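In order of appearance the chains are A, B, C and D, and numbering begins at 1 in each one.
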Amino acid sequence: MHRSLTRDEIAKRVANDIPDGAYVNLGIGLPVLVANFLPSDREVVLQSENGILGMGPTPPENEIDLELVNAGKQPVTLVTGGAYFHHADSFAMMRGGHLDIAILGGFQVSATGDLANWSLGKPGVAPAVGGAMDLAVGAKSLFIMMEHNMKDGGAKIVERCTYPLTGIGVVTRIYTDIAVIDVTPQGLLVTDWVAGMTRETLQSRTQAKLAFAASPRALN
Amino acid sequence: MHRSLTRDEIAKRVANDIPDGAYVNLGIGLPVLVANFLPSDREVVLQSENGILGMGPTPPENEIDLELVNAGKQPVTLVTGGAYFHHADSFAMMRGGHLDIAILGGFQVSATGDLANWSLGKPGVAPAVGGAMDLAVGAKSLFIMMEHNMKDGGAKIVERCTYPLTGIGVVTRIYTDIAVIDVTPQGLLVTDWVAGMTRETLQSRTQAKLAFAASPRALN
Amino acid sequence: MINKIVNSLAEAVAGIHDGATVLLSGFGGAGMPTELIHALIDQGARELTVVNNNAGNGETGLAALLKAGRVRKMVCSFPKSSNSYVFEGLYREGKVELECVPQGTMAERMRAAGAGLGGFYTPTAYGTQLAEGKETREINGRQYVFELPLKGDFALVKAERADRWGNLIYRKAARNFGPVMCMAAATTIVQVREIVELGRLDPESIVTPGIFVKRVVGVATPQLSS
Amino acid sequence: MINKIVNSLAEAVAGIHDGATVLLSGFGGAGMPTELIHALIDQGARELTVVNNNAGNGETGLAALLKAGRVRKMVCSFPKSSNSYVFEGLYREGKVELECVPQGTMAERMRAAGAGLGGFYTPTAYGTQLAEGKETREINGRQYVFELPLKGDFALVKAERADRWGNLIYRKAARNFGPVMCMAAATTIVQVREIVELGRLDPESIVTPGIFVKRVVGVATPQLSS
């Protein structure tokens, strides 16, 4: 038997992989949790697409400022050393490869690192992409955080995405509740997995073909 | 007999044609003189390509700041209400049509408003264009200030430019020491000329064909 | 004398014509020019193309403009929010058109308009639905999508402080789309919390130089809409 | 902890390789990183492509780098000044190559590199010698020239004040090419008059956020060269 990581545990693991001094953008949803687990001995600078570098935590209720919000329009703060800038500069930062890491949620990731995370392709629903496509192509590394499987058990790590794409060949690494998987030129490589899981089980929950590192680390 | 305007008199005439509130870029050379004659009851905002809006006059010797210079690298000042910005923003301002008037010197202007003012096309001389081509295409109106003729008497207002072009069809109006000439879709139209000059004399000093306004004003 | 200060919101939005493309600053609530939008509703222009990152929330500001039936088309990156039911209803009924543009491409298209460029190649959206039918090009081994400038007839922008020349500074993350929209519109109209004497804004810190601004109106205590 | 401050000019310019493209800030003397250029001469890198608005003056700074024979190619808009005889001599003798780029196109090409764009269309230089051999295109009835991004391996930039995160402010018209060059280079190296504690620069007034800067070195009383 194996257990699955909670959302907070996934976030903690991702946070541990972010090096001191990194410039990072955290997408809406699951990625936002990463901010709560950044090791206190590292300086990690968070960027927000709406023109903030050095985004800090949620303020106490009495210090909320509705002109200082994050990409999800939630109140945030500015850390010492932070700066404000306009949207064209903000997306130049993203698109121009200046961010070390972008962390996004995902609906599907393909064996070649394609990402689908912005639309379920339902007819009649207005398309809404926000900054996802800019982040996907721009950051030096793109980490995807997501549940390994859909609620009905279906695979989210697939040979080819069936949902509308966000970007082609953009994903660097996938963090799920049961594994950490690198996207390599040779395909998907499992580097970490939860204790007690067999390769067969992990593969059976993954549509794309997996390779396994010589000695995968325990994910916990 | 007629007399010719001095350089200062040309500058004064141009200055009088700049309306209150205009945003203006003055090129190196003759155009710089215009700043000395702007009527004191008008607010005209001067732009300098190196990132200044609201450029003021030369400072007294003891207030010279070598980090506050104009396009010709001469010391200038900043007027109340002025602002600094970087080069990409400065040329966005120029190229994007935000300047009301650019005033440049000229080697040649053609009947269709082509301008040659950056190179004599001498072999072996390093080409040097600066911001002339950006200004030529960008400003809402482009005024050219120049002597009507070359030192040897040759025409500078020509059917087709023979010197390397700065821009095609960009000139709005030409100010010389003997005439003011509009570039119109129908060709060159003399609106002002110095007293005592005949149409024949003006045409003889001009290679391109001239038309004359019904009642040209006196230029003085 | 240059004086871009106008005395009323009505004067500020005068002349916006039916069919105009209107750029609206703001990202969610931060930077939304609520009072200018309400003045535009009163002014009556119809068949507008409106550019904003989102498509309104609740029933004030942009949502009110949509509800009043003045918008023919929205250009935005994310027409969804907690309460964007006004837009969603109109969209479902086919009463408003939507052009969904990736957020960075939207900002860059407006910058290109303001900077006098004819268009540019961006890697964003290559190979996705949002680039369908668009020209693509390989440059130095990478794939790009061709994008055209996005120019406004008018921009309605919220800033923090202005002088009579129209120099602007913003406040915190309310800056967002303001500076590029000021550049990208033929007529830029700005509401500010405070109007100060010429010379009071630090020339090193002015974010939008007055050349990009046509009219300024003071709204000391703006209402929040998003 | 992020600390981009280095203790010497030699450390600042370490690693600049032969054949590198080096962006140099400055417009004439204003904003020229004289001390970084002299450190680069001492460092010894050769066969450089150097991007600067001008091509040196007198025999210090960029002119000294040229005179030392380290520059294979200059990219600039205006390689003429009152005393640009070093460059002119090398150019006549065919010892240095020149790419003359209209000033706004030069700034925009670096911005495009910094912003991750593949290229853009500009109306500047259409129909002129400087657009010969370049792709052109008519867009909405106007003629444009296609331009590629101009990326630096390194940028040497002069600013006024920095903190340990590399946030920068500039001074007056010495700002000029600094902000775009910081964006456009893989490794941006900045000399500043003053290094201040983190938090001392106003977040509303920071012109170059630290993300665009790799190394900062203090030079309290810089020498003027152009």
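Note that in this section a contact is a pair of C-beta atoms (placed from the backbone, for glycine too) under 8 Å apart; a residue touches a chain by one contact, two chains touch by 3 or more.
Note that this is a predicted model, so its numbers are computed, not measured.
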item: Gap in Å, rounded to a whole number, between the CA centres of chain D and chain A; value: 35
item: Gap in Å, rounded to a whole number, between the CA centres of chain B and chain A; value: 55
item: Chain centre separation (chain A, chain C; CA means) in Å; value: 29
item: Per-residue multi-chain contacts in chain D, two or more chains; value: 108, 111, 115-117, 122-123, 170-172, 204
item: Numbers and ranges of chain A residues touching at least 2 other chains; value: 78, 84-85, 88, 91, 94-95, 137-138
item: Topology of the chain contact graph, where touching chains are joined (line, ring, star, complete, other); value: other
item: Pairs of chains satisfying the touch condition; value: A-C, A-D, B-C, B-D, C-D
item: Touch list for chain D against partner chain A, complex; value: 1-2, 111, 113-117, 163-165, 167, 183, 198-199, 201, 203-204, 206, 209-212
item: Residues of chain B defined as touching chain C within the complex; value: 20-21, 23, 43, 45, 47, 53-54, 78, 80-85, 88, 91-99, 137-138
item: Residue ranges of chain C in contact with chain A within the complex; value: 27-31, 55, 77-81, 87-88, 91-92, 98, 100-105, 107-108, 110-111, 122-130, 143, 170-180, 207, 224, 226
item: Chain B - residues contacting chain D, complex; value: 48-52, 65-69, 73, 78, 84-88, 90-91, 94-95, 119, 124, 126-134, 137-138, 164-168
item: Interfacial residue positions of chain D with respect to chain C in the complex; value: 108, 112, 115-123, 137, 139-140, 142, 144, 148, 169-172, 202, 204-205
